[in-house]
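Here's the structure, in structure tokens; my notes come after.
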Amino acid sequence: MASFFDFDVKNTPGKAYSSMALILVVLLIFPFFAAQFGNSWVRIIDIALLYIMLALGLNIVVGFAGLLDLGYIAFYAVGAYMTALLASPQFAALLESVINQYPVFGEFLVGVMGPEILANGIHLSVWLIVPLAAVVAGLFGALLGAPTLKLRGDYLAIVTLGFGEIIRIFMNNLNEPINFTNGPQGVNLIDPIRVFGVSLGGEPGSRATVFVGGFSMPSVNAYYFLFLFLCIAIVFVTIRLQHSRLGRAWVAIREDEIAAKAMGINTRNVKLLAFSMGASFAGVAGAMFASFQGFVSPESFSLTESIAVLAMVVLGGIGHVPGVIMGGLILAALPEVLRHAVEPAQQAVFGRIIIEAEVLRQLLYGLAMVLIMLNRPSGLWPAPKSEDRPDGDIDKPAPASGVIPA
Amino acid sequence: MDTFIQQLINGLVLGSMYALVALGYTMVYGVLNLINFAHGDVLMIGAMAGLTILKILNSVAPDLPGYVKLGIAIAGAIPVCMLVNVIIERVAYRRLRNAPRLAPLITAIGISILLQTFAMMIWGRSPLPFPQLLSSEPIKLGGALISQTQLLLLVLAAVSMIALVLLVEKTKIGRAMRATSENPRIAGLMGVDSNKVIVATFAIGAALAAVAGVMWGANYASIQFAMGFMPGLKAFSAAVLGGIGNIYGAMIGGILLGIIESLGAGYIGDLTGGFLGSHYQDIFAFVVLIIVLTIRPSGIMGERVADRA
Amino acid sequence: MSEQIILNIEGVNKRFGGLQALTNVGIKIMKGQIYGLIGPNGAGKTTFFNVITGLYQPDTGTFELAGKPYSPSAPHEVAKAGIARTFQNIRLFGEMTALENVMVGRHVRSHQGVFGAVFRHKAARIEEASIRARALELLDFVGIAQFANRTSRFLSYGDQRRLEIARALATDPQLLALDEPAAGMNATEKLALRALLVKIKSIGTTVLLIEHDVKLMMGLCDRITVLEYGKPIAEGVPADIQKNKAVIEAYLGGSHQ
């Protein structure tokens, strides 16, 4: 796969840039092409792009630094719920509950914020929400990462899992006495994203069509371009991080933490940075998710989702950015594709649905993780290893065992 | 005070189930340094298998007394769970014995998902009602009530744990397990077949989980494909609390965690001035885990992990 | 060669449960020396190493590097202060190339963070270039420049050892501490290692060395301390150590020759 597309900017810049340009063109044309078959395909890719952002963020924690975070989805939730609170009527509900519980304090808050807020809630613009989501999620990343710094691999996994669950439980229950999250019902009526005066959700009454300049396009297409842009930005940042002093420090910790410390790396701080950066990507993705869907509920942030993102990273190639993108694409889009194809096929052949799409999705995730770990632990598209020998090299080391040091 | 005793009894019941599952986690970790992430799902398989057996019994021999039916269900669930666990070990974990750290854990997670998916396919996604086989006439104990099912659970748990202790301390396989758990290589040099020991460890852990699974169903009257995940996690926390690799630790940790959770859920409202309610019950296990790992990682009774240098 | 004391350690005691691993161990190394630490198996050499470099916490002891007290509380602080070490079982970053391994060694003497990584402003680019240049220099110094882009776990054992030394040198240490660098080497490889160590000495770096190969040590070190059962039993120049009765008994358990 790597031979057709070559991204080696240093050695073959011509081929690298033309490869990238080719892919970019395909990506830009895609929604118009896919729209021929109905909006649902673009919608699937929109969701897939969000998952790819998540996978890239988790890749920093698991892939670069080697920290198995099983509660990663908590940061997605933080970004999403933060957006829910600051870009929907939810804040009004929160203020109301404060007034009911602590009338004096509540009235004081209304006095400070203005009765407008009590009526409509807060509606920050996307330009504030995105950086805020990144920062708040990043802080949570450091917060939840801190207790895990001294733990060995499997304990770290369980503790992070615990944190993920704790966050979900809180989201599910922080509606009494003060209504932060509206509990299991979730928060809806979240504002769609508004850039340069254009709402990506489409103008009311236009059946979700967005008008830009003289053009019109379905809302899902508009979101597609936004998510694509964010994805590319995240890829850019990730690759820059990877090939930097910090990126090397992460890999050093992953490969041998004791040696890393002996070389002067402050592993505590570097690990916290990994958690924070990964979390901040998830926070941004979460904010996008909330606006795109218009609605968030604790169900979307379960352990299953954390594991799904992990499966994407594992399937694609732990630590290798192109592999992770591929893993994200496969595991996010494939189940939906199958749903469209497999269920009608089963109907036609068997007269009924034997395996539902939902079950198929789970099956795929489980099989992906088990089969890859048993047979190809470095993933479907791992980083190329340099075994190139200079001429006249007589010492031939033992052949690679094929098992990656994680 | 009555509430206190009631919560205590509930905690004991809950803790007994945790203890049974924690034993499975702790024994496997002791010999392999591996968290068998899928172990909680073995509990679920036990419950499902037990339910299936009960359904068959109900149609074939509906007049058998409740105790007998439950006994048969448990006796039937045990081999099913043992088979599942042994297959998992053989097919997945055995090949990863010397793999780098993340691989076995990720594989275990994958296996957990697969088990749940198969359960979903076989038994469906909705919760299934578990028949109430024992009389629902509660027994008065102290100032509190305990159902016959709960009492049976306590008895079965105690019997299982005693049986396990006897097995580990008095039998040849038990000695082999203890030796392998301390130093697999030296045990091997003494003639212990570590593969056999590991298979036995998985099998015994599964048997205990089967008992816990069927009784869980009997106690809560409802089971579902995803039911094993939370108890599994909590049981692992209990194992860490007691000292990972240490079977006495697992027993004590399990019971202690059950009591902490029960009392905590009962009193959390009062403790936090109404801010947090009993829905937050699940958090206790995680908080305990984090505290233990931060303050005293070797647990209450000290960990016993294999020297895998 | 200046008479500056690079490493001055006194009164180190370390107990592990019931075992007194180190009893009143001290060491004084002058700048530019190659200083050896020898002793039978279990004498406490690696334990002492681990104490000096912050992997173990001593019960007592004073620690001074180049005249300044340092606290061996955390390995990365020790590296920052100026002691770089290698390990008995070579600890490389296996999936990284040889060059990247040495570049990690420069981590402690550089400081670009997230901002520099993402934006690559001028200062960041300059630092990255200097890190890379220095790393290449060091690879060349130890003699494996041709393997710069090879994944390090595919290097031969001898080359891996050189790489580990290059990485340690990258931290610009006041003291290079090598834990059994000749372990597992044949005679030819040991000669090459000896030559490298002499080369390192020639550029003024002070070396502390644990080794089992007594012949190698006698021919290489300026001074030697001998440990037995965690206690220092002799200290001096190699010629004196060779004749020291206590040392001979420790190794051979009785008089010999």
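Residue numbering begins at 1 within each chain, and the chains themselves are lettered A, B and C in the order written.
Definition applied: a contact is a pair of C-beta atoms (placed from the backbone, for glycine too) under 8 Å apart; a residue touches a chain by one contact, two chains touch by 3 or more.
Here the structure is a predicted model, which is why all the values come from computation and not from measurement.
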Chain nearest the global centroid, as defined over all protein CA atoms shown: A
From chain A, the most remote chain by mean C-alpha position: C
Computed distance of Cα centres, chain C from chain A, in Å: 43
Approximate Å spacing (C-alpha centroids) for the pair chain B, chain C: 49
Inter-chain centre distance, chain A versus chain B - centres from mean C-alpha coordinates, in Å: 33
Residues of chain A touching at least two other chains: 404-405
Touching two or more other chains - residues of chain C: none
Contacting residues of chain A [partner chain B, same complex]: 62, 66, 68, 70, 147, 151-155, 157-159, 161-163, 165-166, 169, 172-173, 176-177, 303, 307, 310-311, 314, 318, 355, 359, 362-363, 365-370, 373-374, 377, 403-406
Parts of chain A lying in touch with chain C, wherever the complex brings them together: 237, 240-241, 244-249, 251-252, 255-256, 258-267, 273, 277, 385-390, 393, 395, 397, 400, 404-405
Contacting residues of chain B [partner chain A, same complex]: 34-35, 92, 95-96, 99-107, 109-114, 116-117, 120-121, 229, 233, 236-237, 240, 274-277, 279-280, 282-283, 285-286, 289-290, 293-294, 297
Chain A-facing residues of chain C, complex: 53, 55, 74-76, 78-80, 84-85, 87, 91-97, 100, 103-108, 110, 112-114, 116-118, 120, 127-128, 131, 146-147, 149-151, 153-156, 159, 167-168, 171
